[in-house]
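Heads up, the next two complexes both have chain A, just with different partners, chain B and then chain C.
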Partner chain A sequence: MLKYNMKMAWLSIRRRPVLNLLMVMAIGIGIGIFTAAITMVYQGSQTDLPHKSDRLFLVQLDSRNLASEPVDNFNKMIDMTYIDTVNVSQIDYPKSQITFGWLTDQLVNVENKNVMPYRGFSFVTNRAFFSIMDIPFLYGSAWSQEQEISGAPVVVITKARNDLLFNGENSVGKQIRLDDKAVTIVGVIDEWHVRYRFYDRTFMKGLSDDAYLPYRYALDANLSRNARFECWDNTSMRYQSSGTEELLASECGWITVWSLLDSKDDLAEFRNVLDDYVDGQRASGRFPREGGHLLTSLDEVMAYVHNKNVDYQFYFIIGSMFMAACIFSAVGIMLANFMSKTREVCIRRALGAKRKVLIGQYISEVAVVGFIGGVLGIFISFGSLHLMKLKMFHSVGFYADIADLDLLFKLDAVMVGTGIFIAIISSILVSITPILRVCQVKVSRNLTME
Partner chain B sequence: MEHLIEIKKIRKVFKTGTVATNALRDVDLTINKGEFVSIKGPSGSGKSTLLNIIGLLEDYESGSYKLDGVEASSLNDDQASELRNEKIGFIFQNFNLIAELSLYDNIEVPLIYRGMTSQERKQRVEESLRLVGLWGRKEHRPDQLSGGQRQRVAIARALAGKPSLILADEPTGNLDSEMAASVMDLLYQINEMGNTIVMVTHDDELASKTQRQIQVTDGVVKQCDTETELLKEQEASYA
Partner chain C sequence: MNLKHILKMIKFHKFFALVIILQVTLSMSVVSNSFFLGLKVYKEWSLAEGIVPEELITISAKTYQPGANFQSLLTEDLDELSKIKGVKGVTPINLTPIAAGWPNTIYDSEGENKTSLQTHIFNVDSNGLNVLGLKLIEGRNFNSIDVKYSDGSEQPNVVMLSEAMAEELFSDSDAIGKTIWLAEDSSPVEVIGIYSNFISSQFLAAKGMPYRSILQPKVVWHRENAQSYIIRVEPGTAGSVKNAISDHYAQIVGRTGGRPDSLADVKWQVFFERVGTFLMYMTISALLLIITFCGLIGLINFIVSTRKGQIATRRALGAKVSRIIWEFITENMVITVVGILFGLLFTVVISSMFREFNGLVAADLIYALVVAVVICLLNAIAVTISVRKTVKRQPSELLI
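Let's turn to the complex of A and B:
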């Protein structure tokens, strides 16, 4: 019966092309805008590294003085000092891997005269960053442990920058200049993007790194920092744009620290480890406040960020209203379509069709119309999302890489399926009253009419 | 003779607002298997209502109607549809073919609802279309045929399900005399094959060629076995 229903649906669509085209367009436009809106909401509410986001923790230690304001969530908490960052990363707790970092920016230059120097962003970090963040390599690898400790002038660059600077060729072993300092490329990472730049707590969309530098080198070379910087010893503020041994020993926080636990069940144990560390520091005169540390999983961090994101709620409301208007107009089209089938319904009833069989047949027909409308809607949605991506790309400025925005506007299989499913269901819902109505008509009166 | 249709004391009333019109009054009618019966009467006399009741397309206020031994009033909508599909074939004055379907697909419709396999359907459709001489045009649509050919398709559709009863409502009403004669020849041929046919017609000549003529006047049925009796009834009804 399904095969027959599909055949009848196709013939009916061909028979009434204008009405069905109007219906397909109404559904397509409604679904297109709605799917674009829910895609932005859906993708914007996804958390990167979902397979480990419940055991990747933002680590924050509160060594501030007693006069500082109380803090109850990660967003108001300070970043880590260099002292605590080094100490925590050296704690002997094998169930945790520690990475940390901060943003810098320099003028990037290469020997190739065809490439103009440009200001690029580098993330200063340790070598564990690449494995913890699941970053794939196209050429080479992360710097070695020895290079990290010795502060070797090495760099890992992104595929996009490798394409720009070296036409995509393997650039491992070549040099680039960051301001006036030459660094040697040891690795080129493959495509790697996150929806929000969570790892340095900026949560920016579309801000990509150009390069990754080992932290010891960045400090030795006194590279400028482009990160939030807070000191609770006012005299230390002079270190904000320079790096000296005094800075490293100061109570100024600018480093974002993450711990990847082997299992989320290790959290309580890791808290105890940090408690012990804070108690030890307290004994030497630091950490005058109660508490002392804050551990926030990536899931919790992103949940907080998503709740603050009102743009997407607005898009969702607009998309829903637009779809409601389109579906409402489709009711009239469907009513006209099915009222024109009155005679056919009566013929089929006279020939022995049960009412429920006919209802099933016509529901199949509108499901086909809904499917076609849904497919059209997906194309409209795809175009709408591309336009929204371009808008955001231009609004975030010159430093954006459009590929970094792909994840936020990606129409994936889940969204395509959802869009088509909603198109079919809404087509059936708007048609059910006309279908029931036409299947209730008095057969004998309509068949004897001339 | 075995009865196919047994109608006793059937009453049918149409209500429009507060106005009630008696369409059929205590109708008694029996039709045997294999008969070719014509129903005559002036417009509004109730003959089409009677045909609709026989075709299970209309319910009635009181009385009893048995089709091949099954009491119609005991059937729900689905059961009535099943019985109609199995026992009755319809031929309408305006053909009532489905415009977007080919001849093949039109004839297949009642067979689909009977749940026949594709192979069975093909065999039945071919038999029926060959009988009316239109197998070669099975992929054509109704609007590509003449009126007479369309009525032949309607007859083929009525026959395809091998029903016990064929109900024909003015089957030649929209045809010229030559086409009408051709269609009637086909109906006689079908009747000779053993099918029971009940035909509503205005045409005295066509009615005279059926085995039995029934006159309906103001919702009352008079069964006339001879043409003389029928003429008397007709005169009375128009007086």
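Let's turn to the complex of A and C:
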């Protein structure tokens, strides 16, 4: 029966190509724009590292003075001091891996005079960063424990920068210069992109770091520190490039710290570990305030960020209204289409066709039109998302990498399925009235008129 | 045809009336909001810059020479850049006009009752005013004694204000000779001049304060931030000067001039996303109007087909074709106007919900009426196309 209905539907569509084309266009364009909008909302609200985002925690210790305002979320809390960062990363708690870091930038230059020096942005971190963030390596690996402790001048660069500086060849062992300091490449990471740069809390889109540097080396070489230094009663920008020793011994919060727990169930235990650490520090005169730590999972961090992102809400509202307007227009086109079937319906009814059968056939026809409209919509959606990606890419600026934006504009199977499903369902829903009307015409009167 | 009859007909075809109302409401909302976004971008784009962006080039010269003397490099840069053919003047600068980033907070007095204001403080040398092409309206320009050259440790004790800034700070009196504070707990600085307005940043432009700025006679050299310059060029020479700047730095080992941009390029970069968004919404609006038009034709065709008898009777009784068409237009116009009113409501609600619409005023709603007229016109055309064919047929054909 289904096969027969489909055949009838196809024949009917071919008999009225213009009206059906208009229907397909109305549904296709509506679904296309809507799917593009919901894809941006859906992808923009996804969290990176989904398999561990509920056990990866932003760690903040409240070492502020007594006069400071109470805070209830990570965004208002200071980052970690160097003293606490080092101490927490050295706590003997095997169920947690700690990584931390800050941003720096230098002029990256190589011996090859054909490569123009560029301002390179790097993340200064420890070697655990690569395993915690699931970063794949194309060549080499992260720096060793010995290199990390000794402050060896080594660097891990991205595939994009390796392509630019060394034409994609294995550059492990080669040197680049950061301003006037030579560093040796120990690893080249493969394609690795996040939707938002959460790990340094900039939450930037489309701008990945160019390189990763070991923290001991960055401190020894006095590489610039692009951080906000919260120093109790003030913020001191002078620590960006000077006063390293003073900064390291200070109560200034400036380092982003993450902890990956083996299991979500370890959270209570980890809280106790941090409380014990804070109590110990309090005994030596630090941490004057009550409480002490703030742990925020990556899920919670990103939920906060997504709530702030009103652009996508706007796209969603406009996309939904656009689709609804297209669907209502489709009702009109559908009515015109079914109105022209009055004679066909009367003859078939006079020949004994049941109303139920006719309704089934016409619904099949509409479903086919909806499916074709949905497929067209997916192509339109794909094109729209590509244009939106290009728009964002060019507006992010000179340093943007379009591959970093792929995740935010990716039309995946879920979205394709959703688009086609909505196209079919909405087509059927809007056609119910026209179909019922045409199937309820008075046969005798219409045939007499003919 | 009286209103009572029209309402009766609408009630009779209530499902279709509802569909048309929804269609018009949604189309009106989407198109009006797109129109508003375009209007906002246009307003921001067409705001007088106060400078000539095509004749100003911004560069950021960076250094990676071991042991470089940044003070002498600054002097060399100013000297070498001035020699390039087409260059009329150069000044070191810390921010890019039109696209300065996060604003500074300044204060009008000391103590607890001080008022803070957001602005941008542009550090320039004594050529700054002329290089930017600003007019001195009152007071005097910086002289070489005013300008403090240092690694950041020295603070000048004079500033110049833009006209808008002076108006904001000292609306009641003459600003010249007055003092302001460029940071909390800083030393006061004296206002020695007032210059013509220029757009300082998009951040302040979005807040309706595009012309707030302060010029400070200060040149800082330090390693961390590359040294930025603004270069004034002869009209039409920006392209060749940009190339010459790139070539100049490419020849010096350990230096790079980055990517010189004219302020016209900078403005375009700043507006790229907004213009893209505007074009996207206008495309969506055009498509939606076409689809709405097709849908209306279909719907009205159907309504007309159910009223063939009525049309035939009226034609047989001597009603003119134009009168019947006009009655259908009137009937549909009532429905359309209801849709438009709902659409206007939606438009206002949506535009008040999102910051994209900041800067629009109630008077701009007049543009929504343009959209309303376009939709009414499309509706009238759709009705005419649909009704005309049927009405022109003989009553006898319609009654069979």
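The rule is short, and it goes like this: the second predicted complex is superposed on the first by the 436 of 450 C-alpha atoms of A that agree within 3 Å, B and C clash if a C-alpha of one lies under 4 Å from a C-alpha of the other, contacts with A are read in each partner's own complex, and residues count from 1 in each chain.
As a convention for this text, contacts are C-beta pairs under 8 Å (C-beta built on N, C-alpha and C of every residue); 3 or more make two chains touch, one makes a residue touch a chain.
Not measured: the values here are computed from a predicted model.
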Practice prompt. In the three-chain superposition, say which chain, chain B or chain C, touches more residues of chain A.
Written response: C
Fill in: First, second, both or neither for A:V416, with chain B first and chain C second
neither
Discussion item. Let me test your reading of the model: by the given contact rule, A:G352 touches which partner, first (chain B), second (chain C), both or neither?
Written reply: first
Worksheet item: Is A:P117 contacted by the first partner chain B, the second partner chain C, both or neither?
Response: second
Discussion item. Between chain B and chain C, whom does A:T433 touch in the aligned arrangement: first, second, both, or neither?
Written reply: second
Worksheet item: After superposition on the shared chain, which partner residues are touched by A:M388: those of chain B (first), chain C (second), both, or neither?
Response: second
Practice prompt. With the two complexes superposed on chain A, say which partner A:A26 touches: chain B (first), chain C (second), both, or neither.
Written response: second
Fill in: Residue ranges of chain C touching chain A (in the complex, touch as defined)
15-16, 19, 22-23, 26-27, 29-30, 33-34, 62-66, 222-224, 226, 250, 254, 256, 258-259, 269, 272-273, 276-277, 280-281, 284, 287-288, 291-292, 294-302, 305, 346, 350, 353-356, 400
Worksheet item: If you look only at chain A, which of its residues touch chain B in the complex?
Response: 1, 4, 11-12, 14-15, 343-344, 346-357, 443-444, 447-448, 450
Worksheet entry | Interface residues, chain A side, partner chain C - complex | 19, 22, 25-26, 29-30, 33, 106-107, 109, 116-119, 177, 179-180, 224, 240-241, 310-311, 313-314, 317-318, 321-322, 324-326, 328-337, 339, 384, 387-388, 391-392, 394-395, 397-398, 433-434, 449
Worksheet entry | In the complex, chain B residues that touch chain A | 48-49, 52, 55, 57-58, 77-78, 81-82, 84-86, 90, 92-94, 96-101, 109-110, 112-114, 157, 161, 169
